[in-house]
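The structures come next, written out as C-alpha cells.
Next, two complexes with subunit A in common: one pairs it with subunit B, the other with subunit C.
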Partner chain A sequence: MRIDTALFLLFLGVIAVVQAMMPGRGRVVALLCASLIFYAVSSVSYLILLLGLCGLNYWAALSLSQNLDQRRRTWVFTGTVLVNLAVLIFFKYAADVITQGMLRWNGHAPAAEAGFAVPLGISYFTFQMLACVTDAYRQTWRIDHGFTNFVLFGLFFPQISSGPIPRAGPLLPQLVGGDLPVVEDRLEGVRLIAFGFFKKYVVANRINEYVTDVFKDQFGTGTLAALIGCCLNALQIYADFSGYVDIAIGSALFFGIRLAPNFDRPFLSTSVTEFWRRWHMTLSFWLRDYLYLPLLIRIRILGKSGVVLAIIITFAVCGIWHGLTWTFLLFGIAQGLALSAEILTKSWRTKRLKRLPENVVRWSGRFYTLGFFALSQVLFRAANVPQALWIYGRLIHLNFSGGLAQLFAARPFFFALDCVAIGSWVGVAYFHRRATSRSTPWFVFLCGLLIIFLGRLGSAHFIYAKF
Partner chain B sequence: MKWKGWILALMAFAAICILADLAFTYGIIFRTPTSDIGRINHLYHEHGDEIPIFGSSKAHGNYSPDAMGLNAFNYGFDGISYEVTDVLLQIELAKSKTTPIIIELQHNDLAADLGDQSRCVPLMFDARIRQLLKRFHAMEWRYYLPGIRYFGYYDWYLKDYMSERMQLTHNITKGYKSELHQLPFSQARLDDYVSKRLQITSGYFPNEDQNRRLIGHITEHPERLFFLVYSPYHPSYFAHFQNGEQLKLFDEKLKALPNVVLIDWSQMHFPDEFFLDTLHLRHEAAMEFSRKMGDKIREVLRERSGEATVEKSKGK
Partner chain C sequence: MSDNLWNGLTTVFREALDNDSLTLTEGTTAKEVEGWDSITHVLIVVAVEKKFRVKFTAGEIQRLQNVGEFAALIRSKQV
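Presenting the complex of A and B:
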C-alpha cells in the first residue's frame, strides 16, 4: 500500500476508529495488526521473513541484555549482525546480480519471471535492527519489552517503507503506552500529512517532469536548462523525500507517537558538514554512530588521515547503499571528499572568514552548499556516468541559443506552472509553521485545493522507497 | 475538537470543486475544439459528409486533410492502440452516414495502450468510454467526483485552451497538428532513433480479438468504404521485421472484403530528412504523403463511382 494514496488515508481513519474503541492494551494490538496488514498487502512471504528476523534480533537483544560472558556476547552479536547484513545484501544486491547473470547466461531467470522484488523497507528495517543489537551489545540500551511490542517497533507501518530510521530507546516506550493520542497531536499529524501530500503531488511530481525532460534532452538541453535542471533535481528529491517523511511522521503522530525528525531545513545549511546534520538525519546519525565512529576508533592512530579515510569510507558505503552503481559510489565519495575538505580547512577558513560580514559568510555558505549538493545530485539522478558527464558538459560548454522552449528545456506554460508550484511551497510552508489546532481545517483545505488544481499524478513512487 | 471549522472547510472545498468542474468542463474543455477532447466532441456531433481519419500518432501527424484536398477530419491520437480507435469507430458507425473511413493500421498492437486518460474523463457520460477505461483497469473512483476527477489534468486542459487561442506552438487544422517551431532535422538524432529501433523487435504480432472486431465493423457496414492504410516507416523499421508472412495473409483477408481498400505505403521511399523518428514523418513529408494519399483516395472513389454506374446500367 502506497502511503501517498487516498486508500492509505482511509486505512488511517479505520485504524483510528478501531483504536479508539479498544481498551489500553488493545490499542497496541490494533496498531500491531494494522502494521501486519500494511506489510501483508505488499507481501505475505516477506512479512514472514521480517517476523523471523524480528525473532532473531529480539532473542539477540535479550541475550545481550543479560549477563553473558564476553566471548558469548561477541558471538551472538557478530552472528546476528551477519545474518541481518546477509539478508540485506542478498535482497538488495545479490538477487539482482544473480537474476541479471541468469538472464545474460540463458535468457531465463525464474526469479525475474516470478516477479522477484526487494522486500518493502528491508534497508530501514535492517538499520533499525542493527541499531538495537549494537546498542544492546554496547549496553547503552536494554530490552525490557515483550516480543509483540518489539515486532510493532520493527514493523510500525508509517515508517517501515522509507524511514525515518527509529531508535528503540525513544520509540518503544511510546508504542507500548497504549494511551489515546491528544487532539493537538492528531491535528498536528493531519497538518503534516496534508503538507506531505502537497510536497509530493504539487512540487515533487511537477518538477519531476521538467527534470526528466532535461536529463532526456527532450527539448535540446542548453546551459541554462541544465543549470535549472540541476537545481530543480535537488529540490525535487527534497520535496519528494521530505513529503514522504511528513506523511510518515504525521501518520504516527495521528496515533500519538512521535518519530524522530528526518529533515531540518537542510537548504539553509552553510556547509556540507552541516547539511548532513540536517538532511536524512536518522540515516546520517545512524551512519555516524554505527559505522563512522567505530571505524574512526579503529584507525585513530592515523590522525587526520584516519578521519578523512573514515569519512570517505562512510559516505562510499552510504552511496553504495543507494544502489550498486558507479553513480551512487561517486555520489558518496563526492560527499566524503567535500566533508573532508571542510574539516581539513576549518581553522584556515575560520581565520579568513572572520574578516567578512556575517551575512556574507552565511549566504555564500548556503550558496556553496546548495550548489555542491545540486551538482552532486546529478550523479544521484543520472542513469549512468556518461549521462551525468553529459549534464556536466552542458553546464561547462556555454550555450544559450534557441527559442524559449530550448532555453528553458520546457514549454513556457509548464515551466511557469513549475515556478508557481515552488512559490506556493514557500507559502504553504510559512502557513504550516504558523498553523494552530484552530486553523488546521483551513490549512488542510488550502493543501487540498492546491493538490487538486496544481498537482500532478506522476507515475513514480517515492524516490527513497526503492532504497 | 471544533467540528464547525472542519464542516465549513469541507463545504467550501466541495463548492469550489463543483464550480471548478463546471467552469472547466463548459468554459474550457468543450470550448477548445482543437484539443483531443474537442476533436472527440466533434466526432459526436458531426453528421455531415466529412471523412473521418482514425489511428494513433502516425495518423495524427501524417494526414493533413487540407493537403489531401478532401473534406476529412483527423481523429488520430498520440499513444493509443486500436482499442481506443475501436471506440471512436463505434461512435462513427452509429451515425447514418455513408462517407468513406480512413484507418491507419498498426502492425503491432500487443502493447495495447489507452494513451492519455485525460481525454476520457470529461466524456464519462458515454458508457463506451467507461467500458474502455474498465477494460484497461483505468477506471478510478475519483472520475465520478466533480472537480476531483480532473486532478492532474487541469494544466493540460488549460494549456490546450491557451494554445488554441494564442497559437504559439502549433496550428491545428481539421484535426491535423503542425508544430510552428519544429526542430531542424538532425541526422545524429535520427541515427540515435535508428540504433534504438534496431535493438527492439518490430513485426506483426496479431491480436486476434482486435482483428475480429475490426473485420466485424467492416462487414456490418457495407455502406461505408474503409481505406485501411499503412503510412511510411523508416527503412530501419523493417530491418528485423518478424511475421511478415502472417501480415501478408491478414492483408489478403482484408483486401478480400468488398468495402475495403488496403493501401500499403509502409515501405514508400522517403529520404531520412523526412522522418522525425523511425515511425513518424516530419511536417513537410506529411504534406507530401497527404497529397499523394488524397490523390489515391480520389482515384479509388472515381473508379468505384464508375463501377457503380456500370453496375447500375447493367441492372437497367
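Presenting the complex of A and C:
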C-alpha cells in the first residue's frame, strides 16, 4: 500500500476509529495489527521473514542486556549483525548481480517475472535492528519491553517503507504508552500529511517531467537547459523525499507518536558538512554512530588521514547502499571528498573568512553548498556514468543556442501552470509554518485545492521507495 | 582528581579546540563547547592516549558522557 494514496488515508481513518474504541493496551494491539496488515498487503511471505528477524534481534538485544561473559556477548553481537547484513545484501544486490552475471554469460537478462521483489523497507528495517543490537552490545540501551512491542517498533507502518530510521530509545516508550493522542497532535499530523501530498503531487511530479526531458536529451539540451535541469532535479528530490517524510511523520503524529525529524531546511546549509546534518538526518546520524565513528576510533592513530579515510569509506558505503552502480559509488565518494576538504581547511577558512562580512560568507556558503548538491545529484539521477558525463559536458561546453526554448515551448500552457505550482510551494510552506489547530481546515482545504487543480496525479512512486 | 591530570587534560583540549581560554569542569559536555564535534573528539582521544600513555577500547570512547567521566577513565587506566 503506497502512503501517498486515498486508500492509505482511509486506512488511517479506520485505525483511528478502531483505536478510539479500545482500552489502553488494546490501542497498542490495534497499531500492531495495522502494521502487520500494512506489511501483509505488500507480501505475507516477507512479513514472516521480518517477523523472524524481529525474533532474532529481540533475542540478541535481550541476551546482550544480561550479564553474559564478554566472549559470548561478542559472538551473539557479531552473529546477529552478520545475519541482518546477509539478508539485506542478498535482497538488495542479488537480483542485480544475477542480472549482470547472465548478461555477461549469455547476453540475456533474466525475465522480470523470474526475479524476486525486494522486501518492503528492508534497508530501513535492517538499520533499525542493527542500531538496537549495537546499542545493547555497547550497553547504552537495554530492552525492557515485550516481544510484541518490539515487533510494533520494527514494523510500525508509517515509517517502515522509507524511514525516518527510528531509534528504540525514544520510539519504543511512545508506542507502548497506549494513550489516545491529543487533538493538537492529530491536527499537526493532518497538516503534515496534507503538506506531504502537496509536495509530492504538485511540486515533485510536475518538476519530474522537465528533468526527465533534460536527462533524455529530448530537446537537444543546451547549457541553460542542462543547468535548469540540474537545479530542478535537486528541487525534485527534495520535494519528493521530504513530501514522503511529511506523510510518514504526520501519519505517526496522527496517533500521537513523534518520529525523529529527517529534514531541517537543508537548502539553508552553508557547507556540505552542515548539509548532511540537515538532509536525511536519521540516515546521516545512523551512519555517523554505527559506521563512521566506530571506524574512525579504530583507525584513530592515523590522525587526520584517518578522519579522511573514515569519511570517504562511510560515504562510499552510503552511495553503494542506494544501488550497486558506479554512479551511486561516485556520488558517495564526491560527498566524502567535499566533507574531507572542508574539514582539512576548516581552521584556515575560519581565520580568513572572519575578515569578510557575515552575510557574504553565509550566502556564498549557501551558493557553494547548493551548487555542489545539484551537481552531485546528477550522478544520483543518471542511469549510468556516460549519461552523467554528458550532462556535465553540456554544462562545461557553453552552448546557449539550443534546448531551453524547445523545452518550455513544448508545453506553453503547462509551463505557466508549472511555474504557478512550483511558486505556490513558497506560500504553502509559509502557511504551514504558521498554521495552528484553528487554521488546520483552511490549510488542508488549500492543499486539497492545489492538488486537485495543479497536481500531477497517478505519477511515479516516491524516488526513495526503491532504496 | 589530581591537578596534574586535570591540567594535562585542559592543555590537550585547548590545543585540539584552538581555544586558550577554555575552562573545563567535570560536567562539561561536547554540546557546550564550540568546535567539539565527533572528529575533534577522536583527535582529543588520540592526544590523551599519547600524553598519558594509556589505551582506550572503542566501547569506552563511545560511552563517554562528559569530561569528568573522561578524567575518571584515564585515572582508572593509570592505576
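Note that the second predicted complex is superposed on the first by the 436 of 467 C-alpha atoms of A that agree within 3 Å, B and C clash if a C-alpha of one lies under 4 Å from a C-alpha of the other, contacts with A are read in each partner's own complex, and residues count from 1 in each chain.
Quick note on the criterion: a residue touches a chain if its C-beta (ideal position, glycine included) is under 8 Å from a C-beta of that chain, and two chains touch if they have at least 3 such contacts.
Note that the structure is predicted; figures quoted are calculated from it, not measured.
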- Taking subunit A as the common reference for superposition, should the pair subunit B and subunit C be classed as clashing or as fitting? fit
- Task: Once the structures are superposed on A, label A:296 by its partner contacts, choosing first (subunit B), second (subunit C), both or neither.
- Result: second
- In the superposed arrangement, does A:307 touch subunit B (first), subunit C (second), both or neither? second
- Message: Let me test your reading of the model: by the given contact rule, A:449 touches which partner, first (subunit B), second (subunit C), both or neither?
- Response: first
- Message: Quick check for you: in the superposed arrangement, does A:140 touch first (subunit B), second (subunit C), both or neither?
- Response: second
- Task: Can you pull out the angle centred on subunit A between the C-alpha centres of subunit B and subunit C, to the nearest 10°?
- Result: 160
- Item | subunit B versus subunit C as contact partner of A:427, first or second or both or neither | neither
- Query: Is subunit A touched at more residues by subunit B or by subunit C?
  - Reply: B
- Task: Determine, under the contact definition given at the top, whether A:438 touches first (subunit B), second (subunit C), both, or neither.
- Result: first
- Note on the structure: Min C-alpha distance, subunit B to subunit C, superposed, in Å, is 40
- Item | Interface residues of subunit A shared between complexes with subunit B and subunit C | none
- Give every residue of subunit B touching subunit A within the complex, in rising order. 1-2, 5-6, 8-10, 12-13, 16-17, 20, 142, 147-148, 151-152, 154-155, 158-159, 162, 169, 181, 183
- Item | Residue ranges of subunit A in contact with subunit B within the complex | 6, 183, 187, 220, 403, 405, 411, 413-414, 417, 438, 440-442, 444-445, 448-449, 451-457
- Item | subunit A to subunit C touching residues, read off their complex | 138-140, 288, 292-294, 296-298, 300-301, 303-304, 306-307, 343, 347
- Message: Show me the residue ranges of subunit C that touch subunit A in the complex, using the header's touch definition.
- Response: 18, 38-39, 42-43, 45-46, 58-59, 61-63
